[in-house]
Amino acid sequence: MPETVFHVDQTKSMHDQDVPGHNRWHPEIPAVTEVRPGDEFRIECKDWTDGQVGDNDSADDVRDMVLDHNHMLSGPVAVAGAEPGDLLVVDYLDIGPAHTVERGRGGQPGQGWGYTGIFARDNGGGFLTDHFPEAGKAVWDFHGRYATSRHLPGVRIASNIHPGLAGCAPSEELLTKWNRRERALVDTDPDRVPPLALPPLESAALPGTLTGAARDRVAREGARTVPPREHGGNVDIKNLGVGSRVYYPVYVPGANFSIGDLHFAQGDGEISFCGAVEMGGHVDIGVGLIKDGMRRYGTSMPLFEPGRQQPHYTEFLSFMGVSVDESGEQHYMDATIAYRRACLNAIDHLKQFGYTGQQAYLILCAAPIEGRVSGIVDIPNACCTLYLPTEIFDVDIRPGDSGPVRTDRGQCAVPSS
Amino acid sequence: MPETVFHVDQTKSMHDQDVPGHNRWHPEIPAVTEVRPGDEFRIECKDWTDGQVGDNDSADDVRDMVLDHNHMLSGPVAVAGAEPGDLLVVDYLDIGPAHTVERGRGGQPGQGWGYTGIFARDNGGGFLTDHFPEAGKAVWDFHGRYATSRHLPGVRIASNIHPGLAGCAPSEELLTKWNRRERALVDTDPDRVPPLALPPLESAALPGTLTGAARDRVAREGARTVPPREHGGNVDIKNLGVGSRVYYPVYVPGANFSIGDLHFAQGDGEISFCGAVEMGGHVDIGVGLIKDGMRRYGTSMPLFEPGRQQPHYTEFLSFMGVSVDESGEQHYMDATIAYRRACLNAIDHLKQFGYTGQQAYLILCAAPIEGRVSGIVDIPNACCTLYLPTEIFDVDIRPGDSGPVRTDRGQCAVPSS
Amino acid sequence: MPETVFHVDQTKSMHDQDVPGHNRWHPEIPAVTEVRPGDEFRIECKDWTDGQVGDNDSADDVRDMVLDHNHMLSGPVAVAGAEPGDLLVVDYLDIGPAHTVERGRGGQPGQGWGYTGIFARDNGGGFLTDHFPEAGKAVWDFHGRYATSRHLPGVRIASNIHPGLAGCAPSEELLTKWNRRERALVDTDPDRVPPLALPPLESAALPGTLTGAARDRVAREGARTVPPREHGGNVDIKNLGVGSRVYYPVYVPGANFSIGDLHFAQGDGEISFCGAVEMGGHVDIGVGLIKDGMRRYGTSMPLFEPGRQQPHYTEFLSFMGVSVDESGEQHYMDATIAYRRACLNAIDHLKQFGYTGQQAYLILCAAPIEGRVSGIVDIPNACCTLYLPTEIFDVDIRPGDSGPVRTDRGQCAVPSS
Amino acid sequence: MPETVFHVDQTKSMHDQDVPGHNRWHPEIPAVTEVRPGDEFRIECKDWTDGQVGDNDSADDVRDMVLDHNHMLSGPVAVAGAEPGDLLVVDYLDIGPAHTVERGRGGQPGQGWGYTGIFARDNGGGFLTDHFPEAGKAVWDFHGRYATSRHLPGVRIASNIHPGLAGCAPSEELLTKWNRRERALVDTDPDRVPPLALPPLESAALPGTLTGAARDRVAREGARTVPPREHGGNVDIKNLGVGSRVYYPVYVPGANFSIGDLHFAQGDGEISFCGAVEMGGHVDIGVGLIKDGMRRYGTSMPLFEPGRQQPHYTEFLSFMGVSVDESGEQHYMDATIAYRRACLNAIDHLKQFGYTGQQAYLILCAAPIEGRVSGIVDIPNACCTLYLPTEIFDVDIRPGDSGPVRTDRGQCAVPSS
């Protein structure tokens, strides 16, 4: 077990840790520790909402989530000798949930359980928010490297544990570019619900260990953590788990690497926005440097090699979607719509087996589904496909002569009123 | 070897076969044969261009392609007892290239070789047409279930042979819906090059065995074969290969199943439009019926179970892209742009090893790359990822301290002038 | 399709081919053709029994098999420039069953069907001959790259097509060594039934194209083809299939490579001796040479890299065995007994589901089971394990609260009296 | 994290734990705790030698090992309601190394490191003891789910963590059978070094919490833990890792399940006897019961379903062996010899790359090699194969024109004199 360079007390907010992390991206957020190339170390992480969701049977906490508070990241960790233009080589050696006292229920996310949420349309929404505008939630109980949920009976998934969010601090120039282009998008429809993007917001900002005027300025300028960007960030790539090696571009001296938003499991797309099995926990990392790697490899974004320890599934029922929207309107090569339609087709299928639409939505979020851009050239229809592992279910969901076995599956956690 | 129910003489155009197939979708195209549930049979297919591309070192044939002539399909094959609302169960038992006389070169596509093409922007274009507006081509030599290309030295790919295009005939109602919605899209920018969609076109239409006025009407009304639609069609799903079982919706009595556009290999996205390793050949099929399956399983599109015989790769170098376009403009959750950026990042990487951009583009088309919708909720950026199997190359393309090994890789086939 | 350098008319015995192959190993069997390094070519093969087994419902043909006639090999193929001490690099580019006229049944093995046999104890026996001393047979119908058997209802297996037997001709020195050591073994119990080994036997020998005195001498001296030996030979390795590369030691000028005994499918161990799904067919091969490779790589036996196209299974029910024999006697680290006990445990399990012992035995022969030497050091018990893919069955064979579902599975083909 | 029902202080011997485990099998060893079907719980384990091996560069500790002290097991754990004839369903939910203070080196096995040892011939020996009669050792440093060894430079292996040893207590009848048959084997050559089997031995026995006369009797009668037997026991099956479900036969009321000998990694065969990457740690288990399962499923040994989380490798260099021993003597269908020859062939190959024989031996022990019984019917030669994952090496070990790259790899830890 390597040395822990960033500690988290899971019972406290990130604001109240001895050395707090941050929830905005900014080059001036100070590194809280320094490591050297060749080092291996542990970073502890809060769940992405910093403890806003509980192990209970109500979706009120998801409905009432303070989104501006989210992604609490651990770091930044400086790497000695890193300079702009280098590639920071990060090996994800191991990832695990938060340790816990010995009980079945309660505690903080990661302490034996995790959650998947559906955000309400008027509080962030998600990929299928037009179809599922109300909040919902499933709590997952961890059974080693498997999970089940009392809100999704009949489903057992293997963990593909991974960090949702990681990357190096942006340079000032990159930060400016991010904020400018996202603001321009928001300005095209500033009153949209949910919004098109999330510009910097001082409220609820935690700019690391900064204080005073520097803190206030960084809080005002810091980029929000929600989108993935050139540096990586909130990529939510389920295949980038244990055993993966990632080559992150470096933009500031010391690299200033931060990480958070750990996922016990997730399907491609993380489709409900809070769609992984969210948890706090720890990640063990090894680092190296490729000097001048961005230029030598001609890269401006992270490259990665996925690990060998993803769970194997070979039995799938697969669904397809094309870029015709739900109203029947034809769109041009829109993979987003195509994948949405594939997801909706899968949900329709699962409903035949007794799951509610919200339950099916939550299953697709958290289960290790594969989501592919299968055809992206056959005008005007992109074709996306979704591969649902049939072995996660306690019944056979493949079509057959005898028709689907419909079982009472109850429902997921919903809001109290 | 099952009985062949649709014969093709590879040396002749589909127009000139004893029993021709078709290149438009229409409910009135007559079935050319009938099979029964439980039957297994063989269908022979021309390559999708019906022989317009040759085994040579010029991309003139790709540049000058008559697109309206394309996808020559084999069929329709009627299935006794099939009625609208059923699911037609199709097992892809085996797929192979066209048999050939014993020579290394020449002949028709599939006869020991296949091709991957880049269409010029003014003749159809492709996913990256703004970056690669000129025609290009790679000819692949088949070595059993592997292929190499003299135009892409240093690359050897395993075949994931599959049909690009298959499905049942649409009902009149469905056909009308298709033509209407695609026309509406075209009308938003009717002069665009390349066009937004391809409306019905009598020119070059082959409506099967119809003759006379019926032929002319169907040629005028028939939907083009390019896009995937509710019935499946030109889905270009690389994972739907040998051993797959597909459940196709039935819209007309007898189902009237057709198939074509066989691919020796392809990566997710088939990104250059003519992006697979294209070939003529044969497909062995078993059929069954699930009566009233569309209603019972609540499905309006094909479902499928992928086969077990796809080639295994576990070593990947992976690239990501987000929905910021090449000019730096921010788009909202656009998976198409995100995947395009991932492709461009992969191409930039391969250029460091001596491949031209066109060559790299062709490699991504034909190699068994995985293309995923990794994150589709983190506003405003979709995150797509591309997994390039490193074992297809004769050098190690993974980043390292010593930098990329740049080798002279020549170039792909280009137009003569 | 590469040029065929060895032709077989499936309707004729190997004796009656225009250019016959051979069924003994001897350095003086003349090469029938020559290829060069870099060449790709096709070799056609008879099934290993040269057509002694029919597509029928009786095991009489297996019971009455003339074993001395067996393994009819195609070749030898000389490779220009090959010298003793080189490694012959053989790429198995593709392998397929014999082509056939279009019918469901009949013809020669490989022409749409194959067979798995249990030899009677007094005619060769097999791994479990003490338990199953009578002949038995299952005929498999090919469905593309899958097979089913009317004699084993409820089972459908994916093909892992491979050659059972291949290698280069031995030197005279090596041949002498083989014959001497095997004779010494036979001499320890010369009257055993079945015999301990098979010494040279002129009867039924086919020493290729030799004639006259040379023919007779080679027929008397030639090593039998049954065992695998230093050169490879009858290795029956199911993982050495399409896409594999094998490095074969060369012992005579020209290498003189021969091949035969094609298998549509097989499990580890090929446990009934005639345990694969046997067939005639063809194999496409590419060759190269590593000069002086035996010395440079310090090897005296074939090395190989398995291919990527083996069928994927991830659901297994697994059985173990240790080196205590069926009478309860303890043996020291005997992996043969341990694997036998694992096989017997698997058979006992399948009998709970309605299969006869012979049927279960045949399933383990032909299905893609994995057989492992798991522990070989824990004195006195070796531990071997057998992994049975559960997806090949039409019922769930995994243990559960409700007990096994016993179904009438009929029986396999048995002798007529 | 489930409740821990068996605690271990890694710094103390199993003898000195508050509640000690045991190192013999006997029905009268009392259960130390009881769980119920449906429970999930944690068991902590010492490494199999109970701390006899250190994190240092000498093999003295392996050379001088007190073997009679070994396999310290944790348990027995009683399961409420379990009766003889039931199947105990055990889910291996998670397995991990011992936690440690934060340092790179030292501590107990499992605390950031593990070891692989070669026992000297006169102290137990191993599979290749005739070739490697001296003690040797490699210490592995854990890097999350990977390990490297300073004694085996250039090798990095992925963990396939699993328990080497687990099972339910034998009945008195079964115990008697074990002791009788193993004694009979020993009696055939009582002075052999190493011995043929290990009869009961009071010296160094730890019969759990028993005291007084009962303790002494059980110490005298208890079966040694080394071999796998009907109940499972020391099976050393690398595929029986995280995510596996095992069905263990129950022989005594309460089942009395014990477990130990955790392995961070191992190849098929565990060929040096101390051949895994040995460690202390913990295992999280869920239990269930299938009442009367032994009869209903006709089983007398454990069945299991392997987990989905084994590391994926697809690039192998493979070696074969047949049952001709090193002196050239022919043996009849001896899979033990065949696998030994395959191992020796692999060792010879690795020596071309600069590893010593002992180093190569240690690599084959610990790396995730596949060892198969490929052909077990081709008289007189069994054929076993060994698949060595090429990606664990920092050089390409596949044969090629340019010959092997020989590097100075130093040596493993050896005895001090």
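Every chain is named by a letter (A, B, C and D) in the order it is written, and numbering of its residues begins at 1.
Keep in mind that, in the parts below, contacts are C-beta pairs under 8 Å (C-beta built on N, C-alpha and C of every residue); 3 or more make two chains touch, one makes a residue touch a chain.
Here is each chain with its UniProt name: A, B, C, D = Formamidase.
Every value quoted in this text rests on a predicted model; they were computed, and no experiment measured them.
Enquirer: Quick check: more C-beta contact pairs in A-C or A-D?
Expert: The comparison resolves to A-D.
Enquirer: If you average the CA coordinates per chain, which chain's centre is most distant from that of chain A?
Expert: C
Enquirer: I'd like to verify one number: the distance from the centre of chain A to the centre of chain C, where each centre is the average of its C-alpha atoms, in whole angstrom.
Expert: The answer is 50 Å.
Enquirer: What is the distance in Å between the mean C-alpha positions of chain C and chain D?
Expert: The separation of the two C-alpha centroids amounts to 32 Å.
Enquirer: Find the geometric centre of each of chain A and chain D from their Cα atoms only, then give the gap between the two centres in Å, rounded to an integer.
Expert: Comparing mean C-alpha positions, chain D is 38 Å from chain A.
Enquirer: Do you know which chain A residues sit against two or more other chains?
Expert: Only 308, 312-315 qualify.
Enquirer: Quick one: which bits of chain D touch chain C in the complex? Just the residue numbers, please.
Expert: Contact set of chain D toward chain C: 87, 89, 126-127, 177, 181-182, 184-185, 194-198, 226-230, 232, 234-240, 247, 268-273, 275, 290-291, 293, 296-306, 308, 314-322, 324, 328-336, 338-339, 341, 345, 348-349, 351-352, 370-385, 387, 398-401, 403-404.
Enquirer: Inside the complex, what are the residues of chain C that reach chain B?
Expert: It comes out as residues 1-4, 40, 91-94, 99-100, 102, 111-112, 143-146, 158, 242-243, 284, 286, 308-313.
Enquirer: Chain B touches which residues of chain D in the complex?
Expert: The touching residues are 312-315, 391.
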